[in-house]
Amino acid sequence: MKEKIKVGVLGATGAVGQKFVQLLENHPWFELTEVAASERSVGKTYGEAARWFQNTPLPERIRHLSVKACQPQLDCQIVFSGLDAAVAGEVETEFAAAGYAVFSNARNHRLDDDVPLVIPELNADHLHLIDLQRKKSGGSGFIVTNSNCSTMFLAMVLGPLHQAFGVEKVFVATMQAISGAGYPGVASLDILGNVIPFINGEEEKIEIETRKILGALAGGRVQLAGFVISAQTNRVPVEDGHIECVSVKFRKQASVAAIKERLQNFRGLPQELKLPSAPPQPIIVMEEPDRPQPRRDVMAANGMATFVGRIRPCPLLDFRFVILGHNTIRGAAGASILNAELLVAQGRI
Amino acid sequence: MKEKIKVGVLGATGAVGQKFVQLLENHPWFELTEVAASERSVGKTYGEAARWFQNTPLPERIRHLSVKACQPQLDCQIVFSGLDAAVAGEVETEFAAAGYAVFSNARNHRLDDDVPLVIPELNADHLHLIDLQRKKSGGSGFIVTNSNCSTMFLAMVLGPLHQAFGVEKVFVATMQAISGAGYPGVASLDILGNVIPFINGEEEKIEIETRKILGALAGGRVQLAGFVISAQTNRVPVEDGHIECVSVKFRKQASVAAIKERLQNFRGLPQELKLPSAPPQPIIVMEEPDRPQPRRDVMAANGMATFVGRIRPCPLLDFRFVILGHNTIRGAAGASILNAELLVAQGRI
Amino acid sequence: MKEKIKVGVLGATGAVGQKFVQLLENHPWFELTEVAASERSVGKTYGEAARWFQNTPLPERIRHLSVKACQPQLDCQIVFSGLDAAVAGEVETEFAAAGYAVFSNARNHRLDDDVPLVIPELNADHLHLIDLQRKKSGGSGFIVTNSNCSTMFLAMVLGPLHQAFGVEKVFVATMQAISGAGYPGVASLDILGNVIPFINGEEEKIEIETRKILGALAGGRVQLAGFVISAQTNRVPVEDGHIECVSVKFRKQASVAAIKERLQNFRGLPQELKLPSAPPQPIIVMEEPDRPQPRRDVMAANGMATFVGRIRPCPLLDFRFVILGHNTIRGAAGASILNAELLVAQGRI
Amino acid sequence: MKEKIKVGVLGATGAVGQKFVQLLENHPWFELTEVAASERSVGKTYGEAARWFQNTPLPERIRHLSVKACQPQLDCQIVFSGLDAAVAGEVETEFAAAGYAVFSNARNHRLDDDVPLVIPELNADHLHLIDLQRKKSGGSGFIVTNSNCSTMFLAMVLGPLHQAFGVEKVFVATMQAISGAGYPGVASLDILGNVIPFINGEEEKIEIETRKILGALAGGRVQLAGFVISAQTNRVPVEDGHIECVSVKFRKQASVAAIKERLQNFRGLPQELKLPSAPPQPIIVMEEPDRPQPRRDVMAANGMATFVGRIRPCPLLDFRFVILGHNTIRGAAGASILNAELLVAQGRI
């Protein structure tokens, strides 16, 4: 790549926006040229507008960038959207209409018929929906979405298993980190030494998004995968990393050994193409009886891998196991960036 | 009651032991006369031997009690056992053989054929097994056990539902408090800002003990209840209170309204007999969308009630909900004390 | 007392407001008749307007109270103010002008020349300033304030020592609970597993308010006490209870034994008059080497006592020790209520 | 460096030992060839013996190392000691006597007359004491110690200020992370949502070790620096990173600006020699009003820098500020390694 592609971040001062900024620094293909946010930040420098709370210092160059409005007049080709769902829908549509490649972490367009909801290891073929978008608009812009964070890790693990054994039923109970709720997000008085057994809209997202991702593209539409999921979601006092207790029933015969083998050896397009943000091994199987654990494991592979442990039979369905992933990296900003990398590698951008 | 019954605590310096001591202070029927512990504590005063970490002060009278060995030479009629499973089995057998009424929180005898595993609201009839014990030994001593803490709350809620609708399948994923692991128990480096998705032996206990409690006593034996449970257990950084996400399939038709009505109105023998430690309402149904929560709800009803919230349909089984209970009170020491109160009220002690 | 005095709470839905509501339930002298809050709550029931997060249930009677505006048309004689400093100043002045007895937890009027800043155990004589207020206004209303929460515990301990030994220099470093910042207050992402070594305005409050409380009323004004304080304040991930590490230099000879004796035996007017909210012993000296601790000690004496431990010589000044108090009870709502009780007992209300 | 120097770790399975192992992996000068621990680990592989709880994976090569006894028959030239104080004294003496270069993190020999207590940025000249040790023993072995973790950061900051302005009096109140207590260390039931205002022996260490480090070597002995320190130490629920609130009085005139300038520009021998573990800038001055914070700042500069913020006047002494450092890296294992690197660079090893 001779020259870096200019990229912008929408909602750049928020939690996901900051993670985009952090991950894009020193990116080999992308150069962050624009940071856009809500009215009250416009005109300030990014350093003034953002209450930076990542655990690496705010890059000096970014500190001095001027914050722009979230309007399609940004000097860049790609925009990454960390916008709040309250405004993301319309803004992203405007940017796509104006010719930008939009990679969104917001939920608004995920279930739109012509918008791909993509995990590049699993359903890169859904990206053909972009052509429909372009045809409809007559322009070159489009929207690609990535899933809700909890959905990401569940789908990542179910994907290879579905292909091999045919998923029929899934039970999942999550324990989700506070960073998943943005900033300021969860009040400390609500969560310190506590569990909140409810996350608004989360269970519905897991139950539907997973089936779109693992569904088949046919006739210009995605058919939802034909299994049933029951999700129960909880907030726990953990900084980063969602844990999911999963039980699954397959249509075909499987075994603990076959599941481990399948997950451990699974590779996808990002690994083949050696995309810059791709984890060398997307799914890491752990053998220790008490792993994975968020604080100890989640940053292995730079927060881009999904961890599975305690794979064992289930007395009710067939097998059960524990999943872990980094909710703001692989589950949010990193997922959008990986999607963009794939389209660049495929020459579609 | 003219005169209080003398009681002792085995394993009195440990986590459960301290909770026994705390709950027995000012008990209307029982007087704590003996505290027994391991060799290294014997001869010291309780104040010297115990690293008291309850959030009420150590009662002055108890501070000066002399710690005895765990041998059946204690001046009391009832002993409550908070012993570690490594030693509980034999010690409790010795005390029963010597004529003591033993109420144990340890797992060792829970599954013995002639030992009742009792939640007095649910299966007080299992206490007839005491007669078998007495007949076998020829003495008046016996052992009564209460369940593992997570099992307690699950069984408490499934009990009335099983009777009404016939439980067929149960999923449960738990988030358990650190106090459930005793003291010093879980290292802070292991759990601060973390989740440990494993508790040794816990899943097996839930899957079997629940079925013994809800099983039928017939021909001098308990037939395990005929449903299947799949349990996944996790440790979370919460001080007191276990949360359980449950999904259940019934044999008969049920509805959210019918479940709520059944749970809310459920009463058992302890309520009828107005036992001193009995919660007026054993199961409290919460309507707020994000409750129950451990830190906010667990001490209502003095830690003796079980809370249920988020009762709603399940796309996989029939219904799902969230349960909360206080693991060291209703789930341990308080359960043993309630068992003892029932036998006293029934004139069996 | 034949009939209860009607009281209202200003800012009733906030953190301090809720604590007022909780503490006033079942008060022997006061009946909570009015709850007032900001515009967006007016007209709703209290149950609808307040996100109740105390660990006792919201009293049913209060749940149905209609929330009023913070205007002096409330049906009550006394108002307790848990208002935010942004609005408290003016509102409290209006209520006093309209004849209400105002007991405020807000900082706005604490340093006003004619407003008493009172800890009834220490400087009840400052309440004479009320007469100045009444004279000036010609009405019967007035404002009485209590101190900042960290100041409360420091002043409570320094008070008896100042009288006995003459305080000359004080160094204090605090570790303050999250509940001190109100609700939603501190974001969990900011404080989970972290320390924030800064609380806006807090050090200044401690350094000046302590000296006003321990100052002498002379000629209708309070002369600030003549010692110097250096305060450093920190936020820590603790729910309730502020810890303060203190070092102090006296003008007269003292000893560890003399300090303990002085603090342990100290009693004030609230104890003499047996006011309903008065702790029997205002200062509790602890001998264990690692106490006081917030989670274990702060609720002893219903959160109204101040704890002192580790009293020992200081190589730099004279003596050092550790202080603990409950920031939202004795340090806020409970302090205001105790002030009101004193004025009622003295027949001034 | 042609060939790497072989090094071993004593107490390799413990908390500090694991940090040594982690930091020595991929060290450019040292090769970890030996891991030694207590009897019950001897003969196992390191992977079996150590409950690895670092947040990077255990290096495969190390996993398979055989654990040796802590006896001077190890195949290496340097040993790093992470031994517990209960055994460190004698073992380290034996290794030195046998000719090993011993770099110890244990407290036992820190105050020995002929043992240097060294922070290489500050008092590298104290290393001349090694010659005394060698002369006395006739061999080439010796012991070099680094300070207690809290002392490290305080001394690091006081060092340049003492040289410039002459320290006269120091107050320090610490908030220390749980990793400072080793593993399992602090029980979660003791520290979750709590503060423990006591760390056994810690205050004494800070008050004396700081003065030895900043003392002058004269006539073969270190004269303690002539200032007075008063330390108060607390344990807080933070994983890594000690915060210290400091107030200091100087003999000479200083100013906030002069202090900042002095600290920010301070460099020592490790920076001059570009030692592999040396932070490029040993002291980082932060300007944000609420920094440094442990979770956000402590890993900047790989945990080897010391952070200072909130530098401002003190109403009691002259100036006050907040210090942060990583207790198990710069405050323990990293400090020992830096000491070893200096001696290698100076050709003394």
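Observations on the model:
Order as written gives the chain letters A, B, C and D; numbering starts at 1 within each chain.
Rule of thumb we're sticking to: contacts are C-beta pairs under 8 Å (C-beta built on N, C-alpha and C of every residue); 3 or more make two chains touch, one makes a residue touch a chain.
Because the structure is a prediction, the values reported are computed rather than measured.
Set against one another, B-C and B-D show the most C-beta pairs in contact at B-D.
Put simply, the chain farthest from chain D by mean CA position is B. For the pair chain B and chain C, the distance between mean C-alpha positions equals 41 Å. Chain B and chain D have Cα centroids lying 47 Å from one another. Looking at chain B, residues 53, 192-193, 237, 239, 295-296 sit in touch with two or more other chains.
Within the complex, the chain D residues that touch chain C are 169-171, 173, 175, 192-198, 207, 228-230, 232, 234, 236-239, 243, 245, 247, 289-296, 309-310, 314-317, 320, 322. Put simply, chain C touches chain B in their complex at residues 53-57, 192-193, 239, 295-297, 299-300.
Residues 15, 53, 178-179, 183-193, 237, 239 of chain B are the ones that touch chain D when the two sit in their complex.
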